[in-house]
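There are two complexes below, and they share chain A, which is joined by chain B in the first and by chain C in the second.
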Partner chain A sequence: MKRMTAILAAALVAVANPAFAEPGVGEDTIRIGIFAPLTGSASIFGRAAFGAEAVYNEVNEKGGIHGRKIEVVREDDGCDAARAISAVRKLTAQDDVFLIHGGVCSGTVMAVRDDLERQNVPFVILGAASAGIVKPFKKNLFQPIPNSDVVATQMVDFAMSKPGTAKIALISHTDEWGETNSRVATEHLKKAYGLDISLKLALERSTTDATPQILQLRNAQPDFVLAMLYPAETALLVRDAHKFGMTTPILGNFGVSLEDTRDRVGDMAAMANFYTFYAYEPALSSAEIEPWTKMITKYFPDHRADTFSYEAMGGALAVIEALKQAGPDLTRDKFIAAMESIKDFQSGILNTPITFSADDHAGVNGGAMIAYRDGKPTVLKTWSE
Partner chain B sequence: MSDISSPTSRTGTWTRASGDMPRAVLVLAALVAALAPLGLNEYWRFVASMMLIYTLVTLGFNILLGYLGQLAFANVAFFGVGAYAATIAMNGGLNFIPGILVGGIGGGIAGFLVGIPALRIRNYQLAIVTLATGELLRWLYIHGGSITQGSSGLEVPPMTLAGLQITTEIGKYWVFLAFTILCLAVTRNLLRSSVGRAIVSVRESEAISLGLGMHAAGFRILAFVWSGALVGVAGGMYACLLGRITPESFGLTQLLVHFSMVMVGGLGSFVGSIFGALLLTAIPETLRNFPGLEEIVFSLLLILVLRFVPEGIGGFLGARISGLRDRFFGGKP
Partner chain C sequence: MFAQLVASGLVQGSIYAVIALGMTVLFRSTGVVHFGYGAFFMAGAFAVYVFSQVVGMAFVLAFLAAVAVLVLVGMAFERVLVRPIVHGPHVTVAMMTVAMSYLLTGVARFFWGQEVLRMPPIVDVPPIFVGSIVLTAQDLLIIAGCMALVVAFFLFFARTKLGKLMQAASQVPRGAALVGINVPGFHMAMWGVVAGIAAVAGTLVAPVTMLYPDMGAHLLIKAFAAMTFGGFGNLGGAVLGGLLIGLAEQLAGFYISTALIDIFAYLVIIVVLIVLPNGILGKKEATRV
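Showing the complex of A and B:
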């Protein structure tokens, strides 16, 4: 009889306490799913997962949120759409996560976003930068990093901030990614400055020689070269430009890290005229970025932190802020509303505040460039800085 | 002359099945396959659907590698063509069944086109040409503009069957299961018919086949077309299951997975194709939580199978269970 009463009491408590009925929310835990390429050729970008997880671990160490600790379930998608779908199905159907903070490759995000929208699972992007991710608008999806439109615009604005700039050349891959980035930069240059791209060149992926392109660029003598290229091809362009003595500044895209390019080029002298998009406030290797690096290596001692390791830390802090605002009776709808109420959120790691609204979930609308100055990575908002 | 070390060519004998699997066992297997996902969550139902798709992919590949004995690696090309053709057709308004058929026809046409050069070139030359075909098609998907939507890929509309939208994993699984059983039955019958015997005969000795009055070139092309169609159907199912297809899904990594499934299952083994697909789809999912281990286990399994059970799972089981023995499988190579 006593046992029966206890079971009934437990059942009543469960029914009367709807807060714990929300998927992934327990009495003392909130389960968050992370997916990223942890293996394979794109695993360099997957480092963002460790930065985000470090932030969540740090919050747990400080007591959690409303008495709940964050439990992270991490999955590898190998930057492959099929594996990402499989990972997300596991996270939602088996691990029962409250929200997903994942996706570094735009193709994988595109592959899973409709499914997550149908299930109303909050989906915060880890590092995928395509502007197409938030178009069309999806209520559950947030992009707390600068997207490709922001990056292309920043590259043009940076070039035009140098007095006397009149000729800008553009070199890009011929795929949809390269074409989209090129189109945004070309349109912004025309609309904001009344200029056309002076020379447009193509460089195919996996190319091992950029000599023809460098010779054409040298002949055209532009003031800047916008490189809408992936990391390997950007490094190839920088290396061949140096080989042929071309001193025109080359501007790299968001997915291109200054350190990674330096390592691939293998010659600091070749890096003198290379600048790349940079989303963070503190410069790489500076004393200011050290606490962020230590936060990551504290939980992942074997992790070699680089540009991509910090990419999702701002987004993770925005998630924490929204979880706090959503209150102890946490639901997915409350979390989404709290995310939408985030305005001018200074994460401390991103150089531009995060702002969401009820109809705009592209949260970061600015950035900077980074280049080596006297051998040190230096953040530059404009050329004159 | 045989182009690759087929299981039969070294022994020089064909082992005929001593007895077919009783019909009741086949019906029971189909029933188990239909009911098993009821006890699984959505994630494992998704994985189960993937197993069905890879079963057709592996069997299609095995027709060329095992039954015809050709070093033809265009399987991923057939898979991609099937997926893109079905998706474009369904985006154009066709529902699931005609969409999948378009995928199969697309794969079959790709098989025909790859089969023509295979009449003239053999061995490593054929391997290179077929590998290049897959890469060329992947380049086309990336640069296909509005038709393929480049790197971000094509969205696949929800599966519609008889006016009903199938959105649940179990619903998709049952539809895929019906298609898979149908394709397996037709392929099984084809391989056991005079056509299948002719294809194996071409593998064993094209000269003798010609001497017997067979149209070797025709059977060679037919094997390519059937392989392409089967894998094309699987490609269409794959697109429907994922909801979006991207060029990255049809690269060399995918091809290596297909090849491993055939080798682990057993060259020229019908049941081996099924076991190879089931096993190598389940392993990566089971090892999800151990990054890096998946690749190690995958490679080790391949090495161990090739070293200790070179006839693959199909050959190993066939030697012990007469009902699982393939009609033209020759046992140990």
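Showing the complex of A and C:
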């Protein structure tokens, strides 16, 4: 009799409060899993994890969402697909998270996205920018950052916003990332402006010298150089361009930070002709970005905030917004529906609003460039700005 | 244009040559092919960085301290990790050097996993213009450092009794031991010496490549190509191979395709192994029976 009463009581509780049955949702907690490269050569990009976690901590300090505090479980994937699969399995099976806000490397995201789709676990991308992540469309997967298509398009548009631009050169890695970015930029330049890339060059990873590339660029005299390169090779290109007196503007990709490039090049004069994609509203080192930096360092005092630290903060704020909209009886389906209802969401950190719909989960469709002007990082939407 | 490519090729080639040189010295004196040498080179660069940028030592002192530390590390690795297995199959020792590489890289990743650090140039002066050729002071130091090491080791092995003794001990260790030579002691000393060379190479090259835990892996392949091209175990061959690969990369990259630069070292290894198995300066080994 006692056993029967206990079963009935449990069933009544479940019916009265169905949210408790949802994985990762407790009476006073919502568990979110984060995975990113926290160690290894790609860990500079993993800084995005700390920005996202700082947003969640800040929300907790202000009382949480519908009486629940966010509990973050953080895993290191080392930008390695096999480790990412293990990390995500742990997050879903052992830690029982409600949603995953993770993935900085496109390869790791690709490795886990089908598994998460099968489990219907909401998957919000932390920083992986490949446009291929949201193609084909997956109901549970959201990309609240500018993806590679948006970035390549913005780089071309910025170059073409300079009056008289007629010759654009492109230098890229020959891997899938570099080729995809190059293809999007080439197609956009042709379609929107009727121009072809005037010179296409390769610069491989871990190269220590860019003399042949710079000499070819100097000969071709393009108006702009689009650099579809990772941070180290971008710095190498900027450094060697300065060494050989090349003054053609070089446009860097999303994964390249202005500050980091300056530190690697070690010469402000070399940065005079360098611009890089920028996703944020406030400029680096400005008073406007200071509150965001303080939010991160408040919870992670040893963290040296830079461009990548802010990358996932807009996405985290979108997650918070969707959790609020989903209401106290939180389910994964309600959360996904709430994410899809987010329109023109001004995060305050991203310079382009986040918009999702029922058939488009690429949430950020714009951006800007950033460069040093009078020694200060300055955000530029167009060349003449 | 051609002159600039040649100058840049010599600088790049010197980087490959100096790493190939260290590996060749160890191979000639101990018979070990050191697959972990890229990690030693990385460790040398990080040691200079720590002593100069973290501890705050003057550059010359930091450099000397880094060389001393690497010499000790090299000797310790030989004593603890190599000597117990040195009489086993060659592949066992080779795998141990791979393990050393992972160990050192892992330690570096533990401390600097998130960073690609900038190493300030040894001499911070504006680039030097020689006609139409642009060279930095660091470029000149790399070439000069490489040449100095080559000459020093050539003289050591060819002109000194100790150098000749070491080569003899390497070729016939049992015979050397029978006449009272401390062969393990020699080997330990040479592990220390080549680790010291790695510190010198790291110091010269890090301002160009920047500092990160995996910095040695890429250059190790180029160094192997240089050794293969020049003739495995030949000091002059290692240096000549390095310089030729550096030159060929630059010229092929400019006149044919920039996509060729990175695969050139691999092409060299394949072609040389098929066409000229002993390399440019290597001699066919003959054993008198």
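As a convention for this text, the second predicted complex is superposed on the first by the 370 of 385 C-alpha atoms of A that agree within 3 Å, B and C clash if a C-alpha of one lies under 4 Å from a C-alpha of the other, contacts with A are read in each partner's own complex, and residues count from 1 in each chain.
Keep this in mind: a contact is a pair of C-beta atoms (placed from the backbone, for glycine too) under 8 Å apart; a residue touches a chain by one contact, two chains touch by 3 or more.
Just so it is clear, the structure is predicted and the values come from calculations on it, not from any experiment.
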Contact-wise, after the overlay, does A:Phe244 reach chain B, chain C, both or neither (first, second, both, neither)? second
Going by the contact rule set out at the top, does A:Asp80 touch chain B (first), chain C (second), both, or neither? first
May I ask you to decide whether A:Ser182 touches chain B, chain C, both, or neither, giving the answer as first, second, both or neither? neither
Scan A:Ile44 for contacts with chain B and chain C and give back first, second, both or neither. second
Quick check for you: in the superposed arrangement, does A:Thr174 touch first (chain B), second (chain C), both or neither? both
Touching partner for A:Thr276 - first (chain B), second (chain C), both, neither: neither
So in the superposed three-chain picture, is A:Thr293 touching just chain B, just chain C, both, or none of them (first/second/both/neither)? neither
Which of chain B and chain C A:Ala93 touches, first, second, both or neither: first
Chain B and chain C footprints on chain A, overlapping residues: 39, 174
Chain A contact footprint on chain C (complex, rising order): 1, 4-5, 8, 11-12, 15, 109-110, 113-116, 118, 120, 127, 134, 136, 205, 208-210, 212-215, 217-219, 249-250, 253-254, 257-259, 261-262
As the complex stands, chain B meets chain A at residues 41-44, 46-47, 50, 142-143, 145, 149-153, 155, 167, 169, 238, 242-246, 248-249, 253, 285, 288-289, 291-292, 294-295
In the complex with chain B, residue positions of chain A that touch it: 38-39, 75-76, 79-82, 85-87, 89-90, 92-94, 106-107, 110-111, 114-115, 118, 130, 132, 174-177, 179
So, in the complex, the side of chain A touching chain C is made of residues 39-41, 43-44, 46-47, 171, 174, 201-204, 206-209, 211-213, 215-216, 219, 231-232, 235, 243-245, 260, 263-266
